[in-house]
Amino acid sequence: MSMDKPVLELVDIHKRFGSAVALAGASLTLRAGEAHALMGANGAGKSTLMNILGGILQRSEGQIRLGGTAIEIASPRDARRHGISFVHQELNMLPSMTVAENVLIDELPTQGGFVSRKRMRERVAAILERLGCRFSPDDTVETLGMGDRQMVEVARALASDPRILIFDEPTSSLSEREKRRLFEVIGRLKAAGTAVVYITHFLDEIFETCERVTVMRNGQTVTSGPLADYRPHDIVTHMLGDVKLEERLRPPRAPEGEPVLEVDRISRQGALDGVSFRLHPGEIVGLWGLLGSGRTEILRALVGLDGLDEGAIRLRKDGRLQPVAPGDLHAEVGFVTEDRRGEGLLLPLPVASNISFANFDKVLGPLGLIDRKRERRFGEAFAERLKIKLHAISQPVRTLSGGNQQKVVFARWLGTAPRLFFLDEPTRGLDVGAKGEILKLTAALAEGGASVLLASSELEEMMSLCDRYLIVQRGRIVGELPGTADKETLMQALSGPGTGA
Amino acid sequence: MRDNQSTSFGQLARRHGFLIVLVAIFAVFTLATDHFATFGNFIAMLHAMAPVVVMSCGMALVVLAGKLDISIGSVAFLSSTFAVLLMNNHGVPPVVAFAVTLAAGAALGALNGFIVVGLGINPLIATLGTMIALRGVALQLTNAVLIPLPESVRSLGNLSIGPIFVDILVAAVVVIAADQLHRRTVFGRQLNAIGNGEEVAAKIGIPVGRRVFVAFVLSGLFASIGGIMSLIQVGSISAYLGRGMEFTAVAVVVVGGISLFGGRGTILPGVVLGALTFEMIANGLNQMSANPYAYRLVTGAIIFVAMYVDAMKSGRIRSRRKKLAVRDEPGRSTGTIAETTSRP
Amino acid sequence: MRVLNKALFAAGCMIAATLPAHAKDFTVGLSWNAMDNQLPVKWQEYLQSEGAKQGAAADVNFKWVINVADADPTRQAANIEDLINQGVDLIIARAEDAAAIGASIRAAKEAGIPFMTFDRESSTTKPTVHVGGDSFDQGKTTAEAFVALLKDRGVTGKCIELQGSLTDVNAMNRSKAWHEVTDNSGVVTTLVSVPTEWNPDLFRSGTVNALRANPDANCMFLASDFALSAVQSALEGADRWAPRGDAKHVWIATQDVFPEAVTAMQGGFIDVGTTYDAYAHAQEAIRVAIELAKGEDANCPDGVCLAKGRLATQENIGTLENLWSRPAN
Amino acid sequence: MLALTAEDRGALLRKAVVVLVPLVVALALLAVMQWQAPNFFRPNNLINILVQTSSLGVMAIGMCIVMIGGGIDLSIPANMAFSAVIGALAMRWGVPVGIAVMLLTGAGIGLFNGVAVAIFGMTPFVVTLATMTVVGGATVWITNSQSISDFPEIFFDIMLARPGGIPVSVIILLVVAVIASMVMSSTVFGRWLYAVGLNPKAARVARVPLERVLLLTYVISGLLAGLAAAMLTARLGSASANLGNDGVVLDIVSACVVGGISIYGGSGRPIGAVLGALFIILIGNSLNQLGVSYFMNLVVKGVAIVAFICLDRITAGRAR
């Protein structure tokens, strides 16, 4: 154990938003010269904790101690004053401006009222030197690759000489080489005595760079200690918690019949790398991977929401597989996005309009106009079938609870009776009851003969439904498991080959 | 999103596109008329475009922040009106009167800034409202009548040092000052950063509201300077002062390579080249005795070209193409499928 | 509804005609296309003062409803419709658009309201009466005097013409008269004609550019001198603003003789001009209005009553009487 | 769970305020008119107001549809003048040809805007600004700034008729308003358009053909500009370049803004645009009759625009 006194301690932090509890006793202890991995499934409370540390949110209870003394962090500026700096996951770049300006934009050095390019260049060149970057402070950011931009983000965080530096999923858009460089940088920072918090979903990375790990689940710290004491598998187990193996909603089935969809080596630079698979009628296929592994990207690329660089998609039409463009495939797919409020629903519009949105052909009146009565009946029929709780079919969908909103999304696609369903985190943010209903609904889809591609972070959910699993890592499908695979095997798959532990 | 290897036409057009157009226009008029490419005419063009350049500088600052100010014509008109009325009806000395104009311009800009930043109203609508209202006030004050300036002030319009008119120098000073402000001060760089992405800028810690507010104040101030210059040149104030200037300035800015999406382009030489483009067309067509209304056609066409280049630069057209281009080639072989790939 | 109105109006007219004469209210709707220079202001002033003066003598009590259309023909049409609906007794309108005003004239006719076009004639529909300046005669007077002057001085004039708005009948008439007189004079040729849309800025830039393209130009014809200051600036910039007798002098023929032009003419900068007699126009308009009010013939041949302008030269400018634009001193 | 959240109460309040305030303002205005200028309430004047509203209203509906999709079309008045002139020239081949040419010209220019905005992704503001410049210049060039009059009588007979005392142009406005309302509320296109304006991402996920929908909005606004051209040409008896005066575009935008159509897209209804147009005309007409100068009218209009948007924003509850 290190004898050093901790640089920073977050002790028993609680955070409530109204009646919702985001943090219920989270603790974190950072030491100088160490990288500390912060792990947790989606919604575990990592970002809330970091936002409290960064001064963006204020805690409800608990203590923050810096070098042993209790402090308040009232604003991002405050955080910086205390020597806390962030490298955000999404790069906050000013693309048309130079690297130097990007790094120092909020504290440009001046001389006689004018920005001193010379001093700016010198300061930034020194930081870039420390980072081992080969681009110049005068380069325009938009001419840099993603990795270099990440370095600019790091440089900006370093500009204020922080004692504590937080990396939030820094490698999600980096190539292998760029990743190596980042790790070297982290190594150098540690050597210089900086305390590093490293948030990631990639297990292999933490074993490479970190000395210590804290795992959070449901707003609490569940375990913390030297990384040497953990195996990858342990961490996954802590992250996902005790997976209660409920009864399967339906027994796994082997693929049967002719494939309805064939995906052939689709790629997009930086996101997907030669993804291929087949989908058979009536089966539920789980895309199993951690957040950021590329499962969402696969689904979105297939329906044409994001572009593709190469690859082919074939759909069964008239008895044989025929090539389709992603945009055209969209017409055959019921797509439930992970961002229900941002992409799934038209929040201010009535429930009825949201349900009828993809089903206008079924609610048209004699003049080719939408028949309000039929639209209402159509909506009500689904509301009843899916047990959507509402007081009027005409109420704005915004006013429904999350679970009922999600049912509206399902209702919309059910109406079109598609052969394919792509479900991306269909139960995100739902309570237990609503989750169960959505899962049953998913099973019913497959029973009805549709093929389902399901992406979810929750293992129990996957295990209660999937007929087989495609293991997704770094935009590739690295393996496949049958529906009978047990929890151990599935967890192992996440920390398996390619994660490099 | 932007891939960095996309040189070729896009960047070429961005770097030199408009210079080529400018040279072409220059060549055409030089060949087609006798007196186009003369020193005297060049000075005349600079003289004529001086007010436009000044007003466009203010517009450019606002546009660089990713906003828009279509009230500049009205601000110019109203703030100049104050000066004229003070001089003509109250015998106020010109220096004081014009100081009032500048103060009024800045104040009206501050009004715009307040509506946009303080009340959080879309700049287009906000300045549309003030554009209409301020023009109304000015017309009410002048009774919409053409009012000549006192002789002593009017004669300033042709004041020159050697062959160079003073207002060319004023415009030069303003444009250089605005350019330095944009390129070399903290304010200017942060404004540019806001234009790159308001949310990003806010996250990094730039005081977005304050900077945008000041940009509107400067826009109003520059509008009033341009108003004074235009006023003195014409020798009288009339309802035509500043009319349509908002659109001219937007056109100048766009043609000068300053992106309406904000954060891209520079005041020098952008604004000057933009203004020169339009002035050359006006002057050249005039000397060719072309139909004066052809000017608007050519102007519009030039704006379109500039905009196309702008859209291309911002990667909109390209990315769209890319998306559309992803079609399957039917002949492709099937290859191996993941069902059979290795297991862990 | 319309029939009823017509009937009521006709009945009203009959009653009015048979009643013994006493000072009766006569509401005039005055529609200005725009108030963009001193001329309409003066017109309005004179119309109101003459209305009071002549009206008192003829037992007609003039009342005025005035609106301005800000140079927009659509708005002017709407404004006149408003006047019709207020049931005015006479509409006097200065048209923005010579063709578009026809619709308003027709509408007034349908409502049984007499319509006087003022200053600018309609090119499409005949109003009850037109009163205005004789702009063709105005151009002609100026052009003839100008040609005579140059002949007398032995100068061959190469002129720049600054036209007005091409939608303004007066502007077109002046240009037509200028060309009719000068084109065959052998003394004066027009090198270039620049349309200004009555925009002072175009007066300036038009002059600058035309001089640039035609350095040998030595004379100008201005369709109006209301924006003289702009022309003066341009000439000063080219170092051509000089009184007669100076080698740099540009010979200038102008129209309207606004206050600045009076001063310039007195200073020797402008050579000839023809007044646009605001006072005479107003006087004539009121005379005709009173005849209409009384239901009598206004004595306008073809329904047109025109007041001619007077020639102004450097010689007589000091002595012209009743010149509205002479600066008070 | 089903109770109204604060946000919804805000939305309700907002709806109420947005409807109530213009109503109160209009009523107050009418009260003043009753007191100060009783002529205002003569049936003829009221019809006159409706006639004036008709062409502005038709153009405002076009703008409203573009704005619901999140765009703006500054070229409507210039397009209208151009269509009027081209159509007027085509009148020599008969009235139906003339009117058809007006509509087609308008729609054609709309198509051009639509392609530039929807396909090439250019900013609507500048695209339509450039179109405005080009088309405006072309109009002046073609006509040499002169008016084209000289139409067959039958044109006026049709367009200026007053069946049942109601002018044809008012009937046209009503028909367009009803159709537009139906299209926006009850057709697939309408639903798509609201979705595109509200949330393009969600619309894309819900399989809305974004580009085509946006393109169509500009074609519609162009078509309606052509229709307004026919109405105005008949009313003025002439077509000329200055039909497309700068002030008109401001009136159109003002009508939409006052009529509760959001500049950010996704909300508002055509009937709002019509009422907004009525409001703008009403202000002009009543201030005119009260003897208030046209210039103060401008001031009132400008302040009204900012005030309405401000009201909308304050009551909107959430920032956009």
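General observations
Order as written gives the chain letters A, B, C and D; numbering starts at 1 within each chain.
Here, contacts are C-beta pairs under 8 Å (C-beta built on N, C-alpha and C of every residue); 3 or more make two chains touch, one makes a residue touch a chain.
Not measured: the values here are computed from a predicted model.
Of the two chain pairs shown, B-C and A-D, the one joined by more C-beta contacts is B-C. Compared with subunit D, the chain whose C-alpha mean position is the greatest distance off is A.
Per-chain Cα centroids separate subunit C from subunit D by 36 Å.
Rounded to whole angstrom, the centroid-to-centroid distance between subunit A and subunit D, based on C-alpha atoms, equals 44 Å. Annotation: 28 Å between the Cα-based centres of subunit B and subunit D. Looking at subunit C, residues 68, 70, 195 sit in touch with two or more other chains. Each of residues 144-145, 293-294 in subunit D touches at least two other chains. In subunit A, no position touches at least two other chains.
Taken together, the chains touch in the following pairs: A-B, A-D, B-C, B-D, C-D.
Residues 39, 42-45, 48, 51-52, 55, 144-150, 162, 165, 232, 235-238, 240, 242-243, 245, 247-248, 281, 284-285, 288-289, 291, 293-294 of subunit D are the ones touching subunit C in the complex. Taken in their complex, subunit C has these residues touching subunit B: 34-38, 41, 68, 70, 192, 194-195, 199-201, 203-206, 208-210, 212-213, 215, 226-230, 232-233, 236-237, 259-260. Within the complex formed with subunit D, the residues of subunit A that make contact are 303, 305, 330-331, 335, 337, 342-349, 353, 357-358, 360, 368-370, 372, 389-391, 396, 398-401, 412.
By the touch rule above, subunit B contacts subunit C in their complex via residues 33-35, 40-41, 44, 47-48, 139, 143-146, 148-149, 154-155, 157-158, 165, 230, 233-236, 238-241, 282-283, 286-287, 289, 292.
Those residues of subunit C that touch subunit D in the complex are listed here as 1-2, 5, 65-75, 77-79, 81-82, 84-87, 96-100, 102-103, 106, 111, 123-125, 165-167, 195, 197.
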